[in-house]
C-alpha cells in the first residue's frame, strides 16, 4: 500500500513527530510505502512530492516546523483543484492520504473524502480550536511559551509598577489566552468569545495597583471591546494589514494608560509561539496521533480524523470537525474570574 | 466556615497553585477562613498550624514545593492518630479539611472520611499513579524535565557511540518512563508493569548501533528484569537503602556493556524531577483542582476527590482511589514498541 | 557604617542578586547597616526608604526585577535634586551610597560624587553599553532569551519559506542583536552602529532563498537604513510614540516583502528580554559586583564603579563611564559578515 | 589549501559551532577545502575521514555533540601514532590541522606541532580547566544546566526540610561547582582545590537549618575530605569503577545525615551537563574560536591555540596550555564564603 502524507496550514510544533510515527509504524509494521506531498494541498495540486521513508524521519521528533513544508492552499478554492489532487494521487499510485492540518485543511479533507478520496485526518493547531478532540498538539507548546513570557513580564511590571499587556495568538478562540493567563497568574484575561468592557478592565487594573502589585493583562489577538473601540481597531487593521502590529494589545495599553493615568506597555508574542521544539506533551500526543492515523489507514477507516478523548485516541468523522471552530465555553472562562483584578 | 488545608507525601510542582486557588476562591467567593496544617498529617496530629489567607498565597503560583511543608506521616499508623486529628480540628474550629496528596495521603483521607471527618481530597503525584483521574499535576512537569534530559543525552551518546541509560522516577508505575521515553525518542523503555528480558534489551541496543546511532534506554526506577539479575538489585538495595543509587539504571549499563561489548553509562535523574516551577499544564490543572475542591467543600460534598476526566474536573469517591495504584495499561505500552531498537 | 542602596533605570535581571550580595557581605563581614531607597533616585529625592537587612534579601537571588523598585528619575534634572538627595542621606545618617544603574543613573552618580557624596556605582544594563566593563549583568540573560526566540523562529520560517525579522532591544548599541544574531545563526544582523543598505539586505535575503533556506533577519531597534527609509520610521515614531511598535522591524519586513516579492513577517521581542530569572552568568557577575562594591565602600574607594575585566572585578572611575555609550566595534561586526546571506 | 578538522575528548556543547564557523569562513573567504577526521585522533591514526563542506555544516550551530565523533585516543600513546597521523595527512594532502579538544587532545597537539605538523588548536571543555583562556566553550552551558537543577532542588529541599547534595562535574577543578553553586545560591560549595573539613560542612548545614531553611550542598565530583573519609571513597571507586555512583555526593549525604541527625539526599547530575544545545554565550565563543582558528591557519600561525582574553580572541602557544590544568584560585573561592551556612 502506498500512502501520501501532507501538512497544511500554519506550522505547529509536533508536525514532524506525527510524520515520523506514521512512517515508522507504517513501514515497520505494515510494510507501507510513503510519499510526501510538498507544502500541503499545494503539492497535491501541483504534483510536487518528496521521498518519505525511515531515513527521512530520523531525528525529526524534537524538531519544530514540518519537513514537508506547508501552505494555506485550499484545493476547493482552486480551479480543478479536486481533479488535480486525484491525478497526483493516481500518478504516484497512492492508495490513501494522511492529512495533517487545522480546520481549513481538514475542512478540505472532509470534502475530498466525500468526493471519493481515501484519507485520514490528523488535527493540529496551536490554537486548540478543532472540535471533536480534547486537545490538538502544538497547543501545549504555545501555552508553555506564553506562560514563560508572562512569568518574565511579572518582574518587569512590578519593578516599574506599570501594566503589561501581553497579546497572544488566537483570532477566533481564546484557548491560549485562557490557559496561559491562568498559568501565568494574569490579572485580566480577554478572549474573543467574550467581548470585554474596557471600563471593567480598567477597574481590575486599578484594584491591582491598589494592593501594590502591577497588573498583567493577557489578551487573545481576537479579543474585542464591547463598544466603539472596535472602530479604531478596524482602521489600524486596514492601514497596515497586520493585526499583530496595530491590534488589540496596543489599543488596550493606550486605553488603560489614558483612562487610569498609569503607565502601560504591550508585548506581542507573535511567531515565537508556534516555532521550536514541541513540549513533551505535544510530542506524546503527536506521536500517538500518527500511530493511530496509520492504523486507521490499515483498517480502511477513511473519512475520519484521530482525536484525543481523555487519555484515549479515538476516531471521529471528519465531517463533524472540519471547517468549524471549538470555542471556549463561558462556564470555563467564568471559573477563573476570581483571579481577576 | 473554617477550612484546614494540608499537603502530604513527596513534594510536587503545583501544590502551591492548589493552595492559592483554594484560598482565593474560598475567601473571595464564599467568605471562608483557612488555616494551614504544617507538614501534612503531622501538623494535624501535633496541632501545628500556620496562618493561611490571601497575603500568604500571593506570588506562590509559579513556585515549586509547598508553603505548608510536607511529610509522609500517616495518622492511621500513629497511636491515637485519628483522635488527635479530630482534636486539632476541634481546637481550631475547622469545619472541613482539604487534603492534597498522593495515594498514601488520600488513603488516610478516605479512612478519616469514613470516621466522620468532613474532607475533600486533591490528588497529586509526579508519578501519575492515582486511579480515578486522567492525570495528576506534577506529572507533566516531571515528564518535561526528563524529556529535556533525554534530548541532551542524545547528542552525548551519538558523539561517543555509547549507550546511555536514563533512570527516571517511578517505583510502582512506569508513567514517567513511558511518556518521557516516547517524547524523548528513546530506543528502549522499561517500566515496572512489564518485567524485561535483558537479552531483548541487548538486541535492541545492538540493532541501534547497527544503523550507526547510539541507543538511549529509559528505565523507571522500579523496572525489573525477568531473571536472576534481580538478585544483584536486591542486594544493593539492602546495603544502601537508596534505590536511586544502586538501582536498575546502573545494573542495566553494566549488563549492556558486558553483554554487547560496547560502552554504556547511566544517568539517574533523581530529585530534579520533582522540584522547580510547575509547567503551564500543571499550573492549569492544579489551579482548577483547587477551585473545584473548595466548591465541593461549599457544596458539602465530602469524601470525594477532584479528578480530571477529559477536559472536565469531576468528583470521584475517595474510597475508589486512595491506597491503590494506577498502572500503565499493557496495550498502551505496546503502542510504542515500534520505536524500540 | 550605614549605606544606602538604590537601583535606577530600566529593570534588569540580576539587580536583586547585587542587592543580596551587598547586604550579605556588608552585614556579615563588615557589620554595616543598610537602607533601601525606593524607585532609584526618586526615593533619594523624596526621602522614601525601605528596610534592607538579611531577611529582606532572602530568596531574591534568582528573581528578576528589583525589590527596591526603579525609575528613570535624574536628580540633576530635578529642581534642588542634589540638595534633596544630600538631605535624605543626612536624615538617615547614611555614610555612603551604592548606586546600581545604567549610563543615566551612573552619569548622575558621577556628578553627585563630584559634589561630595560618597558613593560606589555598579553598572547594569541589558544593552551592555556601559564603557569600562567587559560586560554588564542582564545582557547575557537578554541574549539568551533572544537566541531562544531566534531558534524557534527558524523552524517556522523554514516551514513557510518566508523571511522572519526579529527586532531586539538596543536603541543606541547593537550588542544584543550581534550576540543573539550570531548565536542564533541569523542571516542578516543590523545594528545602530552600522547604517544598512536595504538593497544589500534584500540581496542577502534572496541568496538565502536561493539555497532553499528561509532568512532570519535580526535587527536592533535602533538599526537605521542609509537612505530615505528613515523618513517613514520617524513618522511612525511621532504618531504613536512607541519605537517598538512601528519601528524598524516592521519597516524591514514590508520593504523585504515589497522588494523581493516574498513573504516576510516581524516579531518584536520587547519586554520579555528584560524580565525573569537571570542566567547563571548574570547571577555570577551580579553577585561579584555586589561583593566588590561593598568592599569598595569599606575601603573608602568612592567615585568608582565595579567593572569586569577578563575574569577579574576591578574598580574604574565613574567619571570615565557615566553618560557615555559603549558601541559595537566595526571590526567585531565585520568578523561575522561571512555568515550573512 | 586543504585543512583537516578533528574533535577529541569528551563531547561538549559548541563543538559543532566551531566546525561550522571554521568551514564557513575557510571555504567562503579563503577558498580552503576541508576534510573531517572521525573520532578525534583515532581517525587521524586509522585514516578514517568524512566529507566536510558547507552542506555538512548547515544547521549544526545549535546542536550539541560533534558531527565528527570523538574519542579519547592519544596518538602519543599509540605505537607509531605520530607516523600514522602524518601518513593520513599526506594521503589526503592536508596542509594543516585544526584540533578541537581539551587538555589531553591539545597536549598531543602541542607535541605533534613540535614534530612538524602544522596545526592550530581550539580549547574546549565543560570543565573550564584549560590554562591560557578566560573561558572555554561548553562551560557556560554546563553551569547553566547545573544552576537550573539547583534552582529546582531548593523547593524540594525546603518542602521536606532536608539537605540536598548536588554532585556536579569537575574531577580536577571546581569551576562548575563554584559558578553553579554561587549562581544557585548554594549554602556549601566544595571543590577539589580545597579539601574540606566534614565538621565544618556539618556546621554550615546546622546553621542553615537553624534559620528554618534547607541546605543545598554543591560538590564537584573531585571534592575530597581532609580526613579518612577518603578511604570509603576509594573503596567504592574500586568496586564499581564509576566515580559518579559511589562518589563524594553520596558520601556527603551519608555523613551529613549521620552526624547531624537530619535527612540528606544526593543528586548526581552526570551526563546531562555535557549534552544538548549550547548556550548563547557558548555559541558566540565557539563561533569566534572557529573564525580565529581558520584565520590562524591562513596566516600560517601554527602551534597556537585560540583563547579568550577579556572580549578579545587571541593566539597563545599550545606549548603553554596543553597537558596542564587551570584550577580555581583560592582568593576567588574565598570571595564566596560569606554565603556559606
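Letters A, B, C and D name the chains as they come in the text, with residue numbers starting at 1 for each one.
As a working rule, contacts are C-beta pairs under 8 Å (C-beta built on N, C-alpha and C of every residue); 3 or more make two chains touch, one makes a residue touch a chain.
The chain lineup, named per UniProt: A, B, C, D = Pyrophosphate--fructose 6-phosphate 1-phosphotransferase.
Please read these numbers as outputs of a predicted model, since none were measured by experiment.
Peer 1: Strictly by the touch rule at the top, which chains does subunit A share as contacts with subunit C?
Peer 2: Touches both subunit A and subunit C: nothing.
Peer 1: Quick check for the class: compute each chain's Cα centroid; which one is farthest from the centroid of subunit D?
Peer 2: Of all chains, A has its centre farthest from that of subunit D.
Peer 1: Could you give the separation in Å between the centres of subunit B and subunit C, each centre being the mean of its C-alpha atoms?
Peer 2: 41
Peer 1: Can you work out the whole-Å distance between the CA centroids of subunit B and subunit D?
Peer 2: Chain centres of subunit B and subunit D, defined by C-alpha means, are spaced 34 Å apart.
Peer 1: How far is the middle of subunit A from the middle of subunit B, if each middle is the mean of its Cα atoms, in Å?
Peer 2: 30
Peer 1: Multi-chain contacts only, two chains or more: what residues does subunit B have there?
Peer 2: 151, in rising order.
Peer 1: Among line, ring, star, complete and other, which one matches the pattern of chain touches?
Peer 2: The chain contacts form a single closed ring, each chain touching exactly two others.
Peer 1: Return all touching chain pairs.
Peer 2: Per the contact definition above, the touching pairs are A-B, A-C, B-D, C-D.
Peer 1: Which part of subunit D faces subunit B closely enough to touch in the complex?
Peer 2: 10-11, 13, 15, 63-66, 69-71, 145, 148-149, 151-161, 164, 240, 242, 245-246, 250, 265-272, 274-276
Peer 1: Could you please specify the touching residues of subunit A with respect to subunit B in the complex?
Peer 2: 21, 24-25, 28-29, 58, 61-62, 134-135, 140, 143-144, 146-148, 151, 179-180, 182-185, 213, 277, 279-281, 283-284, 287-288, 291, 309-311, 335-336, 338-339
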